[in-house]
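Reading through the structure tokens given below for one structure.
First chain written, first letter: the chains are A, B, C, D and E, and each begins at residue 1.
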């Protein structure tokens, strides 16, 4: 790296760091106000550019909307997907960023959540139909959506524990391939099992207002804004809860395990237990996201839950800045939003995505919005590596 | 002059560990480098062997400027270091570890002879020649690190705390070995906490304090210097 | 084909339609002809009626249900869309038909053939082709009467379409069916399947699925020395199939509930060839018909979603591919459906014979 | 050389009972037996590769003995997981320092302190387990700003009424304890520095503080003075004594004879995994076997 | 579960499985080599393989080869293919190291970062081939539009021996034998030569390796090239046996090969061979017992079970053994 480039980087780092420091230096109530304003803005996002209740537009802002281009996608729909992915990223961040476990099969939990609501909530699912036959229920009967939530949570938690129990003893990269296999197994099993609807998937998945129908006024098939607000609310709630974990002995234990597992064990931390918790919590969040996805889509099929999606999830976390919730949320948002906004590139989209991944990682390996700890870690590691320079 | 360091500055990120030190080692000498923890002794060694890039200043070896030479090329010029923390190859056997010491050598007969010599010096290593380096005890690893450095038959041998973690008897041996190989013609730069021993074996010594050389002199002079005595030799 | 002119001069004629399907990706060869057919219909109409313009917007889903869902959201969310041509594949159709139904938006598919699409009580979905029950049965007849097979090994790819049609075939084959396997989309190495076929030693192999997997499967089968007759369905009616499978494809049979180009009604074939420089491939005529049904409705002033849906429900007219009249489930009359067998000869798909049921 | 038991009967804290540990052909511990009594500082010495570290590892659950057993406070140790053993009351440091390098000194100690805490994941998430705070644990009301003061009062009274979550209380207690320990080992001035940035001597002490935070009954130190110069060793000696004065039992592995002789009450000597001597420092120093195997020429080995 | 189908032709299925696994094994060697030295999963390795298949196909098509030429010519073409494939894959491997990894290596970045750049590079390579190579081939009589691209058959696959009811074809023999030969060569190189020792040293402790006179960059480049060569050879075998390539062909094979490497013990060369062959056999067995779609599940389940009982794979790690 040339001296000039180094200086530039240095300066840029200061600028970024400076912003963060200035934020931290603000009085508490000002920070609260800032956060509240930010949240309000998030709720306003579906109308970006419009002033609700009027016909006025704020010029310029609608440039950001995905439907501002020809053939663009429904803006609220994109936002909804962004919110889902943010939820996923927050969950995966617990696993990767906090506990330091590389999970390449996270899509499995997303699938479990989605399938839970599909198989129990839809009248068209083989599971529900067999229950109807078994217990002589009416053809309209299915498990209510609200009941599907705990079912989905329970199933994904159990999936997390089932996956973690035998495999968490494995070292890093072994875990990666095993989790990847797990994600694939979930997908293939769903694809080949009659009770899961096979490759054709399951349709008729309910939402908060029940099975899909034209009478669903709030959470219907047509208007997506309410779905976005629902997902956003869930995201905010989860951010709150995960923050609590992060700043407790649990978060500390995760950190200690990441740094030196054996030493942590000798200091009384039970690595297995905390790793399993990380897995379970991550799984539950993934499942929740999957549930929302399935409810909104009303139809799912196994091919959706492929390895590529898993990899995209990991990329969201790493590109955003693993370990920092704001970072991973940004990563998730960008990776979901940019390809939609720049649909015009159509056939070059994947190419651009690949190039972007490489460039971001080479220029900013700590991620776009890293946690301070990660930045430092990386700098320290860099300092240690100086063999064969020149 | 075999090694000549001039105004050497070394940084770890923004921390400056060495603030322009100058020292030299003559052919055939044993030179000791002493100082408290964190004084910069190991940093000096790393700079010489090329493990750390140098910020300012120059290093000359055998008349050649090696300031920016790659580490592995310095080995070919005849500098070998037994690093702090031993640097064992954990998954290689003791024998393979020793062979690695002779990586740049081609004279098979000479290598075999040196291997024998190391095994006589450290019979424990001979016993364990098939054991993996990573499973050796701390002291055994230290012996392996020193033995491995000897295997490269360097012109200049850099030893960073060779006595660390060794039992008292072996410590004696190590210092005897240092004297012996020096007499056989190897120049040695030695970093030691055991200043007493180091200075009594060394021709000359340097005292390092927070990245600066604060004293230099013959081994005997330093050994009897009151301030050195107080700070590094302990009240006996 | 986007924005274009305002829909209709007096607001009572013309309007905007959407069409979706695999317009790119490995299976696009199956769908491009029907897209072209639809575009042709729109162009002909617009040229003839300057005061009643119809706009057709394309949405590429690559045949992937996951990509078709957001498209559906986009289309129904945009009030200016009045009807939709599609989906091209059964899977994506199934994934989106609830959404279109909820929006009260009529779908006319040129090529989605899975039985289950019309088995439910969806009101929005219509198609201008016969379904896979007919095609499966026809293939069984072909095996029995034309190929004189004794043992047929049935492979499917697990998709809504592939699994469905393979099931129909197996049902119709009865005890001729001997051995089955399922492969996956995007699979490229069929060693295990081939090992199974070899062990079963059938004299014919049937494949329910799309080109992307069938081509390498057939190539690897032939190179591994399996010479059994190979038959696929409309999912292989694609020039990319013979070129992907190479020399081994010669003699393979493809069935389709679609007419050979030269049998299409009116001047369609000639127009198509003039426009695109090649004869219409699979479902070109059906694409034309599907568009035509909707365009005529728009021209009649059915410019609300509700009116257009009612229009299609009541449609009753000769099309270029067949006589078009939809029963309450959205299917065309079974008796109007003809199934053709095509043969791969020197890398080209050539019409062989019509398969007569019964 | 044997039996210091002539004094008043002392309470056995840890008992190594005929422990043998083999690695393939290598016998690292060979039918080893010795006891550690409450309140003493016991030294474990021996030539390199004698099995000292291995003995530590067997005691702290890293290895499982091939035969024999280790008992602590009457309970069997071998076969338990390291964190369970820690909770039973054994803490250790490592021959090569193993701190959590990217955590601050304070956080390092907090991890140790957490081992005595009870908040679970659920507890940390929902903070539902409430405890009635002691008066000194209540939020203070000290602001002069009216609005702020009102807020503080609200918090104080709600803490009185609803209690404070155990999580919060434990966090605060842990922090107090950690700071106190950092002061005790003498590195409180750099409590908020990353462990990796601390000088070597500080790191050694931090390891000790972290181990102490787990409130062990037995503290095992593996070559804590390695890499120290004589002056620094002197300070370490004082620290170890202070630790003992606090009531901890200490087991010390060290090659520096001046340190070992200066601080221990009793010494066990190993060679080839066997105990070759045991007794007071003076006894051991003059034991010819020990001299032959370990010390070399008597006396001035330091 | 169709046990009759499996046991009725067990020998045949085993042979088919072994020849399927031979390719996994060769690709797995690349993963294992890089992992052994750098402790990172070179996710782009699957694309290095893919490039090999295209390079060979491209050369053959430029030479205007059609199906089954005479034996003599076939051998010439195969040798040309081997050269071209190995060169292309090797060069790609080097480029990947240079572009995506070297800077990160200098920064000593954690493995996760490498993983993401590797994925990025993979996507780029895949897309380059999908977008432009397809055009190149469509002009030459191969199919187009991101579809499979057929490769002329060099050898007619014929049964040459029948053992215990299994018909073994010439191509199958070539595949298994070349996998064995290449592994043997690599194994000798790593374990017997001085250079090989240097590779292992860098794997275990790069700093000290430098202090012993090992040029780290050169060793790492060597490792990437070796892995690339193996991938190129695998590409040739693939072309011979399966006669098809595609821009995204690497993904599945890469996944399987990596699984094979882990199954055998990643970092262990012999493990890669064992894992690859075993995986091939498991897949064919599983497909015969049920249907092909379950073969991946079987593969992963076996992997998980093996790892539970042997956390470092069947043969354990060896190139860069973890700290004791």
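Going forward, a residue touches a chain if its C-beta (ideal position, glycine included) is under 8 Å from a C-beta of that chain, and two chains touch if they have at least 3 such contacts.
Which protein is which chain? UniProt says A, E = Branched-chain amino acid ABC transporter permease; B, D = ABC transporter ATP-binding protein.
Since this is a predicted model, take the numbers as computed values, not measurements.
Graph distance from subunit C to subunit D, where chains that touch are one step apart, equals 2.
Ranked by how far their CA centres sit from the centre of subunit D, the chains are topped by C. Relative to subunit A, the most remote chain by averaged C-alpha coordinates is B.
Centres computed as Cα averages put subunit C at a distance of 38 Å from subunit E. Centroid to centroid, with C-alpha atoms defining each point, subunit D and subunit E lie 50 Å apart. Between subunit A and subunit B, the centres computed from C-alpha atoms are 52 Å apart.
Centres computed as Cα averages put subunit A at a distance of 32 Å from subunit E.
Residues of subunit C in contact with at least two other chains: 24, 158, 182, 184. Multi-chain contact residues of subunit E (touching two or more other chains) are listed as 207, 210, 215-216, 291, 293, 322. Within subunit D, not a single residue touches two or more of the remaining chains. Subunit E contributes residues 194, 197-198, 200-201, 203-205, 207-216, 317-324 to its touches with subunit B in the complex. Against subunit A, the residues of subunit C that register as touching in their complex are 2-3, 24, 57-60, 64-66, 69-71, 73-74, 76-77, 91, 94-96, 98-99, 101-104, 116, 157-160, 163-164, 182, 184-185. Looking at the complex, you find that subunit D touches subunit B at residues 23, 26, 46-50, 52-54, 95-96, 197, 199-201, 223, 226-234, 255, 257, 294-297, 301-302.
Residue ranges on subunit A touching subunit D, taken from their complex, read 241, 244-245, 248-250, 252-253, 255-256, 259-260, 262-271, 277, 281, 373, 376-377, 380. The touching residues of subunit A, counted against subunit C in their complex, run 67, 70-74, 76-78, 81, 191-192, 198-201, 203-204, 212-214, 220-222, 224, 297-299, 301, 303-304, 346-347.
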